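Given below, in the form of structure tokens, are the structures.
Both complexes below contain subunit A, partnered by subunit B and then by subunit C.
== the complex of A and B ==
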């Protein structure tokens, strides 16, 4: 029996507003507990929620950027549950009238693109953070401690349709959504800080079946790596169960990062368990055409359009994708260096390869003030005109990352300009041939590989200043003659 | 909608203690309420009437600016907590 997996992903994005969703407490990033609270976000009786205008702008921006239909007549619902991380005993969320419906997001894997359909984009509030004390295991905790700083922070939930078919697609989707939220400037997009959190609904069914299999929800995936591994594990687990004739139970499973397995957390609540009803504290929300138009003016160049623009410079889809998901300074540097050199591949390779590699090695997080696109452009031009070798170019880059100087100056100081004068090179070659007559004899008797040794000798004697391509060509000519 | 419920479980979830007598009388009241609510399903509604856009308030929602307003201090916020430790509210153990 051939089986196919189907995956849907629910992502929560923490918005980077100054204040919480329904009160005006500051959104804080601190370990100091319970310092940004008011009667509304700790659920004291009589407190009234009022939505944050910025958060509504942000979610509308996100919904528009993913091509969603905007619900102009919307409302907030109460999602009831008994759990102390929200002391009101309900979370303000949206149910059947979310801000956005039926969108899609382009994702890129290698040189292929795909579209992931989005079912809904809705607004809700985050919960407080619980920590469990006792013997260390959650099940045997003796008490639960609560920090409500996060309680009420605006949270957007984006739910895909069950259209994802592999862990690779799931990772590409989250990467795209993360970049989108950064480019829209609605979230820091930092996974390690929990700015983006995701759960996956996974089912497996026979290849030819039109119905989906029983859905299992996986929680606690904190990184892209754990998302990929958890999905792969769960697909394997369900596939094996079905092949062995074991029924899949609808449940929520917990991904264990250390053991790399999923295990049962609880049986899954259905939406009826949450007893959704419209929040009587919050009147209906009307998003006027005027409001939507205003939000549209905030729309930046989206990752998809950035990729298309980058491809017009000659980059492949995968290269454009990598750049579109890089920091702003990298994108900007690429455009500037390309403008000067008109060489997309060299610009791309130097920026994403050598430059970033050297910065990582030397622990340089920010480019020094004096470093600008002229420097990289100059290095690329010097290589293209055979004035310096690739190896010398790397040395020059190292120097200009730490010292305020220019590539030409470094090349001069370190004697890195290549000798392109064929007469001078021929003189040196003759000298090398004289000194290595035995090697020359061996080359003539068929040991071609030793040509490399002679080129090496030449590079060594000239302190690397000889153009290696030219040197090899002249050397071969000399040996044949 | 089912009329069956477990009054003991509801009392537990709501953190209230009910005597046997209270349990009986509340069960009775709740059954009557549920019966009333069930009557809604007998309504014959057209599609427009079924559009779920009813709200007790006719007022339009107002939004507020994203500007911080100081509220409770840490000590004020935590002053009514039956138990606290290291600046956190402490409650009976709960797990997801």
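== the complex of A and C ==
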């Protein structure tokens, strides 16, 4: 029996508005607990919610960018459940009238693109944070500390249709969604800070079945790595169960990061009845055509369009994808260097390879202010015209990352301009042969490998300024002669 | 003449003419409290110390001719579900017996700007759920006309206080009649404004889509003065509306409708007689009066007892012992919440939370809550249609005079029926007023209710004042001054 997995993902994105969703408390990024609170976000008696217009603008932007239909007459609902970090013991959320419905998002894996269908995009408020001591879980904790700074921070929930078929697709989807939220400037998109949080619904069914298998929800995946591993584990677990004839139970399972397994959190029987009903404190929200048009004017160039633009410069889909998910300065530098050199591959390789590599090594986070696209373009042009070697180019790059100068000046100062004159190179070769007669003898008696040693000596003595290809060719000729 | 018997305008005129000082009025009002509280228990707390200071400041303003406010130095009683900063807000519940509010309700802010005095906080049915002020965790309130009888509820403390002149006027809240019914039982004017004209920010919510703050006063003019001071759009309440008042005629060009369904079975002859008496007066003055049938009114109690409990089941979920109020320990967080709610809430509150939870539960929503919403919408449409034919609707305020303490406590359904006439205005968001018109054979007050279309509050008050002047009800409970 051949089995196929089906996955749906629910993602929460924390919006980077200045203030909370239903009160004017600042959204703060701090470990100091309970410093940004008011009667509304801690649920004092008599306090009322008032929606944050900016947050509604942000979610509308996200819904439009994923091609959703906008529900102009949206509504806030109360989702009722008791939990100590939920101050009102209901969460203001959306139910049957979410802001966005039926969208899609393009994802890229290698040189292939795919579309993930989105069921809905809706808005809700975040809860506070619980720290359970004595045990990680509320049922067995000896005490629980509560921080309500996060309570009421605006969240967008994006739910896919059950259309994802592998952990790789799931990871590519989250990467795409993360980049989209950064480009839309609605979230910091930092997974380690919980700006994006995701749960996966996974089922496995026979390949030829038209119905989905029993759905299991996986929670507590905190990174892309745990998302990938948890999905792979769960697919394997369910596949084995089906093959062994064991029934799969509809339940919520918890991903254990250390043991790398999922385990039962709660079964369907124990699952909550949220008793959704429209929040009488929040009259119907009407998203007018004017409002939607206004939001549309804020739309940046989306990752998908960025990729298409990049591909017109000659990059592959995967290269364009990597650039589209890079920091803004990298995207910008690529476009500028390409404009000057018209060499997409060299521009791409130098920026995503050597430049970022050297910056990482030297712990440089931001390019020095004097560094601009002219420098990289000049380096690329110098290599192309054989004026410097690749090795020299790396040395030049190191220099201009720390000193305000130009590639040509460095090449001059360090004598890195490449020697392309065969007579001058032959002169140097003769000198090397004289100084290393013993090595020459060994080469002649068959130790071919030592040719490399002589080329090395030549490069060293010339400070790497000799064209290495020419040097090797001339040396071999000399040795044979 | 005893100053505490005067209307606000009369008192203000004496203040301005320096014939009476605010401090003298306050001493008189406080003396009345001292005479009546032991027997009536209208107030839960009295703010004597602060008021002596504030009254002295009022004295100074009037003696310097600096006061510009009609409410300056007027002692007003506040129902104990409206937050006053740094004072307890108990909602007459064990749950909040130790809770002090850190903020002012919008209506309190507005009254503070007018230099109003707050006599203290008045007793109510727990969380405003009840029609007799017998559901208070701190003991019941008695009717100042006859202490064997209830003062009505849930704003029974506010009504008893104005009746016994331990305040000049009072604020109550009205979800299904909680201002109008006690006003009627105590021979006073009770006014529930159009939903949204008075901010609910700082009013502890019972049923958010129905709750409205309003005055209980001796005269229609007093209600007008207080309404104009506390109304207005509030950016902290998303359901508040711009108070753009409609002008409808109040003179004899107006057409009056007598609601047929509220003059049938279940309404006492005494209550009907009061309506007929007013109708005769109006006819004699040349008003056009006709009978109007609004059949859906018969469903009011059924609709109300699905919508109000459903909303209250979520609104009262925040009282869990986690952040404030009563906490009864348990072995886990959930046990603590369960123990707290089991001990903190009284029987009627629990009954309504259970009713509401049930009505919203999966599988029952459509049958109960969903249908109630639908019927409510139909009722709103019916009223809108009716107000095309008539300008004002008249009915009894209550089916009978006040009932005896303990008479209906064991039969919740009978208790619920006492709000039959008042509930429709809450469901449809209409302004509605009860004015006293006469006494029953037991020497207890009776009143009539007048309703008009949304945002015609000022016209409704003008029209009611005409009736008030014609009826000349000058009854006053004896023995408290």
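As a working rule, the second predicted complex is superposed on the first by the 429 of 481 C-alpha atoms of A that agree within 3 Å, B and C clash if a C-alpha of one lies under 4 Å from a C-alpha of the other, contacts with A are read in each partner's own complex, and residues count from 1 in each chain.
The rule is simple: contacts are C-beta pairs under 8 Å (C-beta built on N, C-alpha and C of every residue); 3 or more make two chains touch, one makes a residue touch a chain.
Being a predicted model, the structure only gives us computed values, none of them experimental.
Residue contacts after overlaying the shared chain place A:54 against subunit B, while subunit C stays out of touching range.
Of the two partner chains, neither subunit B nor subunit C is touched by A:63. In the superposed model, A:283 lies in contact with both subunit B and subunit C.
After overlaying the two complexes on the shared chain, residue contacts for A:96 are found with subunit B alone; subunit C is out of touch. Shared-chain residue A:88: touches subunit C; no touch with subunit B. Of the two partner chains placed by the overlay, only subunit C lies in contact with A:275; subunit B stays clear of it. Of the two partner chains placed around the shared chain by superposition, subunit B is the only one that A:25 touches, whereas subunit C remains out of contact. Contacts of A:34 after superposition: subunit B is touched, whereas subunit C is not reached.
Contacts of A:17 after superposition: subunit B is touched, whereas subunit C is not reached. Comparing subunit B with subunit C, the partner in contact with more residues of subunit A is B. Subunit A residues in contact with subunit B (one complex) as well as with subunit C (other complex) are 39, 42, 50-51, 82, 84, 138-139, 141, 144, 146, 280, 282-283. Taken together, the subunit A residues at the contact with subunit C in this complex read 39, 42-51, 78, 80, 82, 84, 87-90, 138-141, 144, 146, 273, 275-277, 280-283. Taken in their complex, subunit B has these residues touching subunit A: 13, 52-69, 71-72, 74, 77-78, 83, 85-96.
Across the complex, subunit A is touched by residues 81-83, 89, 91, 96, 99, 101-103, 105, 200-205, 207-209, 235-239, 310-311, 313-314, 317-320, 322-324, 332-334, 337, 357, 360-362, 365, 369 of subunit C. Against subunit B, the residues of subunit A that register as touching in their complex are 17-19, 23-26, 32-35, 37-39, 42, 50-56, 73, 75, 82-84, 96-97, 130-132, 134, 138-139, 141-148, 265-266, 278, 280, 282-286.
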